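Have a look at this one before I ask anything.
A, B and C are the chain letters, set down in written order, and residue numbers restart from 1 in every chain.
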């Protein structure tokens, strides 16, 4: 009896001697912070593989995947050195490694043989997919690995690149050390500028794909030192194929229609110049009148609150009618902008990215069940419905001076 | 020093209350949102939880009521009086098989989940073994201490869970809460059946009411103790579905863990909350499994009166551990837990009413 | 679980063996008695025998005491007084027994006097500093209380310094200590029950409690346990503590010790029992719950908000002291995904080039720190500080620049050490230190999972632990909600009307409501 107890007590010590299966010191991990997915530049890889092992199973498509890995030593070093004398060009805080294969997981494994570090995805910040890949409708296949692996987080930001995705990760931002983190924070900020769709997290994207909704993802275009996130790529619900882009104007309009504007500005023409309205708050409300599948009438009411941020004309804002008048002008501007977006979305792309289907599902469930399969596909009732926009703007304050600085009236 | 006690080996109202809550909150919470969204439309799964919860609450009350008729007698004693000895012994054996399976598979399920999220190469066997050793250590102590552990862990569990829910509030999307009431009654009943598995745990009342100083309080304590997990489950379900939407919830293995992973407070020191959630999760399963093991021991020592508690721990432990290792993968573990769950449904949801009926009949006879 | 550690006590084997031959009776003749006592003590140099002839008839008597243990002024005065008074009066009775009564009632002007008639009592009294007066012709001996050896005066306790609070501390003399307690609690129900402990040392141990407040069962249990003490020497109250504690396999202290009379009396009125031992300033308080070890008298002396803040700070300190290094190990070596991204990268950066895994690094640093602490205690105070500077600053800096440890590890270990010093109870600090190593081992095997399992194991242990029948984890579990007023939050004094329920006091009400509410 006692012996048995002794054995039980001793077992933990065996753990300690044999254990530590999973111990990988933090400096031995290759933190992947960004992933870029492209189509391979040439078909050479596939041909070689077929030659090498003709019977080896192969996927339909091959990808060139770039992993951005942190070089931790250089993340901290620069802060100490300041004017580092010894070749600061070499001390980049991250490195990009590109590999080509048909399985994304395989690329990750292959990477560990090339970098001495095993890839570790818990700190993955952005996934950039090139428009080339996006247009083929392979998004779900590509992203499966990033959703399935328990190391992944659902908060990873998704971006679509105009041009090759790898170039996006190659930017050298002057103020941030890691391009991926730079991308993440840029996408967070531009969202506030109303020019961009709220950040699409990969988890949310899975939701779109599973619920068969059309969706938009922010588009990014790379340049040497910085990236520009503006406009968005629009995807169709059925095949997840990218249809095209909405430009910045249309994006802003679409954001208004979804009630997701968190900031930004509107320029209103007054007299021969501009007054700038700063958006502080925005909300939308949808109403629908259903008179048949082909005859649905939506009214989207947009409410906004904001300030006058800038005035290039000499106006007396204290005049009693001034602010209501300005409010009407802002409303007009909102209507103009949203109408442009609606035209593009409804008539050109015919993909419901303003959440009307969702509204029907939530509020007119029985009707939705009837039109569900032909909403923005097949018959495409979406493109046939009538959408009206109403705007209600309140200007809360005009700043701390009254007239503009130029005195001439 | 010899242990000195002053009437402290009895438990009160609060211990029963927390005991039931801790026993019920367990593995089920992790997968329940997925199972329910699979069965029902939109967010209607909460009705299943409410229905299943109602059943659980009533039957917990019934168990406590039956047990409180026999103060200071555990199930193993009074069941023989109540339904004749042979049937009683059959029930005890049945109960024993149930609790052995329950502990074994519960430990395995925890090990599988832990491996998925926290480990990569560590074998499941080792994860399960280390957890099981902790349970063995717990059941080697006194039974009252076991119940007191609930009081220590359950507040942590609730606190952390609510913290996570609170942090997620900003991510919850209003659209996901609509439409309401669109599932058919059939699918809701179907889902209710599944929630029943998650509300197993009232069976501890068969035994622990006997330890109570004042068994009259038992039914009320059981009732309230059951209400807590029901509410918790509804809240968790609503926020998981509110966060992910029904379509995604359906696809995620452990939606509740993913919810904890979703929390990212940018810039905050504790950017990631799932570590806290893992803690909580292991604690709840520990409570559940250790009380389950304690039931095994009570049952077996009542069947075979030879041998001390510790002897039985040594004899049973390898068996339970190996039993837990039989399933080959996560799906089989889930299936095994379902089979055990069916036995549990009989014990916790059907048997109490039968016993209550018998008690009523006997009482009637006595008075007549 | 640890039953194989139990030893079997050898029963009833006498420990004290008397070597010399002497009679155990008291003789009527003073001369015989002197001879007998001399034999018993083997005529040591500090044994003083002062013979006197009293009165006109020259009645023989002798004072016997031990030099150095008695108050010399008192004894000298006594002898002088006796001679003077006896010679002055002519009405000295002839019967020795009456002489004794006469001496006791009229001559000897001292505080404490008693009659004894066994040799054991006499020797014990002499050895504890009393003076024995033998009178010719009687077998009864007068014992005159004359204890008065050199001792420390009442000073401020060093181990439990406070910003606000009384500056007096217990001393080695048990009589002074009982007086200190009496001065705080002037309740006629305050009970002192003294017994001798130690076969050879025969020290006074006094159990102090307030009758009608303390749970009588606990008091009985304390008495029972004290009575079981069977050692030859009890040099310090730590011996008593270790003999009467519930579980000697536990790292947690199950008896609280203090040097502060205010703390001791606060415990008394809470319904707890105090054990004083002669020869040590540390008194024991039983029973104890885990939370008592995290409380300091200052929590109550300062206003309640300050008290609450300090208390929360201390809980944090205990948490940090227990968990920080193990969590660091777990996160760095197993789950770096749970560290915020930027922090993770910079930790990885600073660890670049460190040759050891985080566990070894942490163990190394912890060992160094423990050594420093130990060395600092041994050394005289001025040098102790030097060690702190050399060890803490120089070695730390050098180790970092040599690349043996990472700077973050140094921070982690230092914070842990500081947190540990913030704990008000020294012995509890040590338990936390021990358990910290346990946690570190667990986390080095399983990472975060190991930390959680270790935490559960500690909880299981604590839930099974009891101190004199009081569960160690009260008032968390068993739950006493009314005691939570004095747990995380130290409620305003006017609200704490009840004594701690967890000690199951005989008198539950502590105070009136006041008129503030």
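Simple rule for what comes next: a contact is a pair of C-beta atoms (placed from the backbone, for glycine too) under 8 Å apart; a residue touches a chain by one contact, two chains touch by 3 or more.
Only a predicted model underlies this, so the values are computations on that prediction, with no experimental measurement involved.
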{"item": "Overall pattern in which the protein chains touch one another (line/ring/star/complete/other)", "value": "complete"}
{"item": "Innermost chain, taking as reference the mean of every protein Cα atom displayed", "value": "B"}
{"item": "Distance from chain B to chain A - Cα centre to Cα centre, in angstrom", "value": "41"}
{"item": "Length of the line joining the C-alpha centres of chain A and chain C, rounded to whole Å", "value": "66"}
{"item": "Intercentroid distance (Cα basis), chain C paired with chain B, Å", "value": "45"}
{"item": "Residues within chain C bordering two or more other chains", "value": "1, 334, 337-338, 341, 445-447"}
{"item": "For chain B, residues that touch 2 or more chains besides their own", "value": "119, 122, 130"}
{"item": "Residues of chain A whose C-beta touches two or more other chains", "value": "5, 12, 15, 19, 22"}
{"item": "Sites on chain C touched by chain B in the complex", "value": "1, 215, 217-218, 221, 225, 244-247, 334-335, 337-341, 445-450, 452-453, 455-457, 459-460, 463-464, 466, 468-469, 471, 473, 476-479, 504"}
{"item": "Sites on chain A touched by chain C in the complex", "value": "2, 5-6, 9, 12, 15-16, 19-20, 22-27, 29, 31, 33, 70, 72-77, 120, 122-123, 125, 151, 178, 181"}
{"item": "Chain A to chain B touching residues, read off their complex", "value": "1, 4-5, 8, 11-12, 15, 19, 21-22, 150, 153-155, 203, 206-207, 210-211, 355, 358, 361-363, 365"}
{"item": "Of all residues in chain B, those that touch chain C in their complex", "value": "1, 3-6, 8, 11-12, 14-15, 18, 114, 118-119, 122, 127, 130-131, 134, 137-138, 140-142, 145-146, 148-153, 268-269, 271-272, 274-275, 278-279, 282-283, 286"}
{"item": "Contact footprint of chain A on chain C as seen in their complex", "value": "1-4, 332-334, 336-338, 341-342, 344-354, 357-358, 441, 444-447"}
